[in-house]
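In the two complexes that follow, chain A is the common piece, with chain B as its partner first and chain C second.
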Partner chain A sequence: MSHQSQTPRSQTLRALLPGDVGAGSGGDVQTGGVQKAALAEIDASCRVPVLFFFLSGLGWLIAGSLLAIVASIKLHSPGFLGAWEWLGFANVRTAHLNTVIYGFASQVSVGVSLWLMCRLCRIPLPAPGLVTVANLFYNLGVTVGVVGILRGDSTAIEWLEMPRYATPILFVSYALIAVWTIVTFRLRAERHLYVSQWYLLAAVLWFPWLYGTAQVMLLLEPVRGVVQAAVNWWFAHNVLGLWFTPIGLASIYYFIPKVIGRPIHSYYLSVLGFWSLALFYNWNGMHHLVGGPLPAWMITISIVASVMMLIPVITVAINHHFTMLGHFGKMRQSPTLRFIVFGAVSYTLASLQGVASALRSVSEVTHFTHHTIAHAHLGMYAFFTMVMFGAMYYILPRITQREWPSNGLISLHFWGVALGIVLYVVPMSLMGFLQGTKLNDPTIRFLDVVQFTLPWLKLRTVAGLLLVVGHVAFVGNVAWLLVRMFEPYRKPVVRILTGEAETLAAGK
Partner chain B sequence: MPVISFILLGSVVLLPAVALWALRWATAAGQFRCPDKAALLPFDESEPVGVETDLILGGNRR
Partner chain C sequence: MTMSYGPLLFLGILLTLASSWVGLVLMPHRQLGSLTQHTDTNTAAIFPAARAGEAQQGAEHYRSLGCVYCHTQQVRPEGYGSDLERGWGRRRTVSRDYIHDRTVMLGTMRTGPDLTNIGERQSDAAWHYRHLYNPQITSPGSIMPPHAFLFETRAIGPSGRSTNALVLEGAFAPPAGTEVVPTRRAEQLVAYLRSLKSSGDLPEAPVKKEEAK
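What follows is the complex of A and B.
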């Protein structure tokens, strides 16, 4: 790419970088006239925008968690908060989904992506103020959308429930962020691409394509009949697989080697995993419509593609396992590793469960049951959210130049969310399977099936409360960390930045 | 519905074309030529291979 950086357009873009870096003056290694920046300089350039994305994301996480608890309680106690119609189950459940997907997960994803891209491109974030402004508009869009849902303006299209008046704000803000990620990539000082960059670039290009196409085909110029369902599930499934999954995997591929100080086991396998995901995932969504009135070939292709997903899943699992081999004990010492490895294992499990659920014989039992909800949480929470927590544990001390204030809150966070999500996914998966079996038995009354689910749904509320405890612990630790930003630096309780931890770990 | 036709055409033609272009560019640029070098990209002079960077909890105090 060095020849590209000689063009006038690249020179214009390079002017956005801080003076020494953009001018390519001095430095140890240069590519195309751009000097590699020091890690501390990169972290400092990301401070404001990444903090904005993380903090606003965490705010939406707390809001989304509370909405989830209300929705969960309403499933077994329908009269709960019954006096407020805007807190009806349909509104609350939909608002929960949209706050955690667009408010929390997407914003934290963008923050992590920007930081990773700068680190791997070896340049400071160009014009960080622009990204911060995009973040403010993005939050405005989410706020308008969630308030609209609670007012009853939902579109009733799964994963696209935000009203039409909110989505243009989101789309434009997101497009600006995506363009800026690509600009950062174009300005890179490191010629070679790491596998994480493949995943990040693909994700920032895939998401606007998915979101824009679904918006047009379902809201602006809606297609008719069952094609709506086909487009809806193509979009909803791909948001998970082509937006969140690549960013989660990009993070895993970066943070595991960084924490344990060891390169990934096989770079070839990682590239094979990326290209096979790119090839097969896009076809998977129709397996949600098994038994629906769609052409059989569409669903069959989707089932075949779902099974083909075993290739990227197994390559990723092998790569992560062999990279970690001999280093699992370090999970006791590193919060990042603890969350990331939990997420990586969950990715394998969620994918295998997804492959099984795509098969016609399994789908006939599990479809329309709580098994699907458990699967969604295994993917979105146990895999993706845990990886994002791990990434934030690594990034926040480096961009704030402050250490985590409390070990206890880190442990409370991990054990709260780990136990919570296990208590959520395992019983709900089992209950969903039993529920489906009963629903398919014509001798069992529907009301009996509903009553069978009640104790399990109460257990789900308990699991949700454990997740909330973990979230509050994390937000408390982050708030404490931010307070320390305004205090004079002092010897920390936990030590990342001083290097003492590494020295002690090495037994020196 | 011209907008939908445009989007479908874009999805069917443009995206695979972009993917193929990316693959061709990566091959021509030698991105797959030195996997050992690419695997070292998360590391640098200040945090080289062998340096653990996040061991902060109880285990390291023993």
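What follows is the complex of A and C.
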């Protein structure tokens, strides 16, 4: 491919392509006296820590999926597993949220962002052993936290349910990872910064601040009255907007140009998209409290900021989708692209749905209903998780130097989760809207509204089972890939990754 | 290019979050963090009333059992939703209503009804016990999980049925010769539920006088 050549690119093109595009097997490009590392060397340095983050993340994904199924069944069949207090609906639902958010999504995010940061800075990960230790510590924290929730020690503060004997462990690990990402950034050999790096840096700086504030003001020295609700939603909404979203967008910005071998649509839109997200997203949280017992100015300011989110969302949508224009055919060959583009489109949809439901007139109906649950899964799953799956399809063969063993399992994974999440989000969004309309009509008995939701909740369990099928297929493929690490390397016969800009053998 | 200049990027990243940290965390804390009870000048009634120890214990069970995931504790204003029409309150709730809550559990989901004023709407402890033991007894068609683990099924003693034994009939009755009694946890939880009342007259949220319809 043309961009694989070693000729220096023009300044304009440099801004539009990830810094490791065009890097071949040699590690000899000199910039300001710092040697840029070969890609294979970078991948090798990331192997152990990134594998630890991915594998433990996937372990939590399976656990979290099973908890989700139990919670979903319990909501339409309340007697299911009813004898065990620790498996009560609230415990299982909360354990589900915390395993998939802190166990799965955050860990895979860290794995992806460490690898991306090293690739874009063109240096091997410094002291990978330290990162591996942070991972072990992190998993200890999640385990203690989830067991605590199942024991009934949940704080009942949404997105911050892990008891306070678990959260400091997580905070220390997060801080360690953040510091290490910044150290990697400071040591960079590639002086040019690509848009993905802005988002990654922002995410690692923002998250410890959010998490630290929430811990102090809600768990250690709880603030008084409804200030708790304000801090709670400032934190919880920003976990999505300032931690997962930047890492998801960084990945989309990296993998689309990388796989299709084409620069991003517009540099200026990427700058506008980044700073408008930084300015507006962090003011959004109070739209979770529309109609609630807080001063109107707080809620109004969040609604305004939510509407302003149209700027970064539309900017990023133009930038991503226009880059893809004319290249959708490549999704057939590249599993990475298939998942990433699914995620990129979902990001646009989730954001627009989010803007709409922040409006007072819409929130009056959708607030307190399953519409919000559907929206959360559109954002966290159809957008973020799909992007992370796409990233792992790219990274895992490179850090293990092995090709994906089964094409069939990749298809099963994609179609299982793609159909599953559509079957989840579309009916649940609609049902939530109808549920809200009925709740707002005082002539309809409350229990009749409950009965109305039952068939839809059963459909949700079916959708959840499809997601589980996809997850099992993926984990099976990953396990098979790991088994192959112990076999001697041979040139793969089936080339699933045909069409991706960089071949596995690039670094040898 | 400026976006390749690390320090500027750092500064921008930190300043943007600092803005909402001041605006949505520190400012509300200053405005609302020191609200106090209100004393009615005519009746000398104090709102919101402090919670008794038993009910305070119950709040911890409410938290631990995760009731907040299906029940809200906030009444929306008149003309916004049907909270008042459904009888969930006589006025909207305001910040001052929550000053005694160790954990403020406004909730975000109404799988079950709002509980802001459940103590006023349903003051009968026996109803709460039977409802918690198995919601189908009092609310057929409910999807609330049974909380039988908050109760003890035991043999009826020589002095006959205990005074606090649940009145259970038909399919819900325990085996002959046994009775179902609430544990301490159930008692504290019900004390908390019965303490939930946010309908005192407040200057910022007056109760409408012609409310009795």
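The rule we apply is simple: the second predicted complex is superposed on the first by the 462 of 508 C-alpha atoms of A that agree within 3 Å, B and C clash if a C-alpha of one lies under 4 Å from a C-alpha of the other, contacts with A are read in each partner's own complex, and residues count from 1 in each chain.
Here is the rule we use: a contact is a pair of C-beta atoms (placed from the backbone, for glycine too) under 8 Å apart; a residue touches a chain by one contact, two chains touch by 3 or more.
Note that the structure is predicted; figures quoted are calculated from it, not measured.
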In the superposed model, which partner reaches more residues of chain A, chain B or chain C?
C
Now for A:Gly79: first (chain B), second (chain C), both, or neither, which partner does it touch?
second
State whether A:Val271 touches chain B only (first), chain C only (second), both chains, or neither.
both
On the A-aligned overlay, A:Met217 touches which partner chain: chain B = first, chain C = second, or both, or neither?
both
Touch check for A:Tyr174: first (chain B), second (chain C), both, or neither?
neither
After the superposition on A, what does A:Leu193 contact: first (chain B), second (chain C), both or neither?
both
Is A:Phe207 in contact with chain B, with chain C, with both, or with neither (first, second, both, neither)?
neither
Does the superposition put A:Gly225 against chain B (first), chain C (second), both, or neither?
second
Just which bits of chain A does chain B share with chain C as contact spots?
191-193, 195, 205, 209, 213, 217, 223, 271, 275, 278
In the complex of these two chains, what residues of chain C are touching chain A?
1, 3-4, 6, 9-10, 12-14, 16-17, 19-21, 23-25, 28-29, 31-35, 62-70, 72, 74, 76-77, 80-82, 85-86, 92-99, 101-111, 113, 135, 139-146, 148-149
Residues of chain A defined as touching chain B within the complex:
1, 28, 36, 38-39, 119-120, 122, 190-196, 205, 209, 212-213, 216-217, 220-221, 223, 254, 257-264, 266-268, 271, 275, 278, 329-330, 332-337, 393-394, 403-404, 407, 410-411, 494-496, 501-502, 504-505
Of all residues in chain A, which touch chain C in the complex?
15, 74-76, 78-79, 82-83, 85, 88-91, 93-94, 152-158, 185-186, 191-193, 195, 198, 201-202, 205-206, 209-210, 213, 217, 222-231, 234, 238, 242, 271, 275, 278-279, 282-283, 285-286, 288-289, 291-295, 298, 301-302, 360, 364, 367-369, 372-373, 439-442, 446-447, 450-451, 454
Please name which positions on chain B make contact with chain A in the complex.
1, 3-4, 7, 10-11, 15, 18-19, 23, 26, 29, 31-32, 34-61
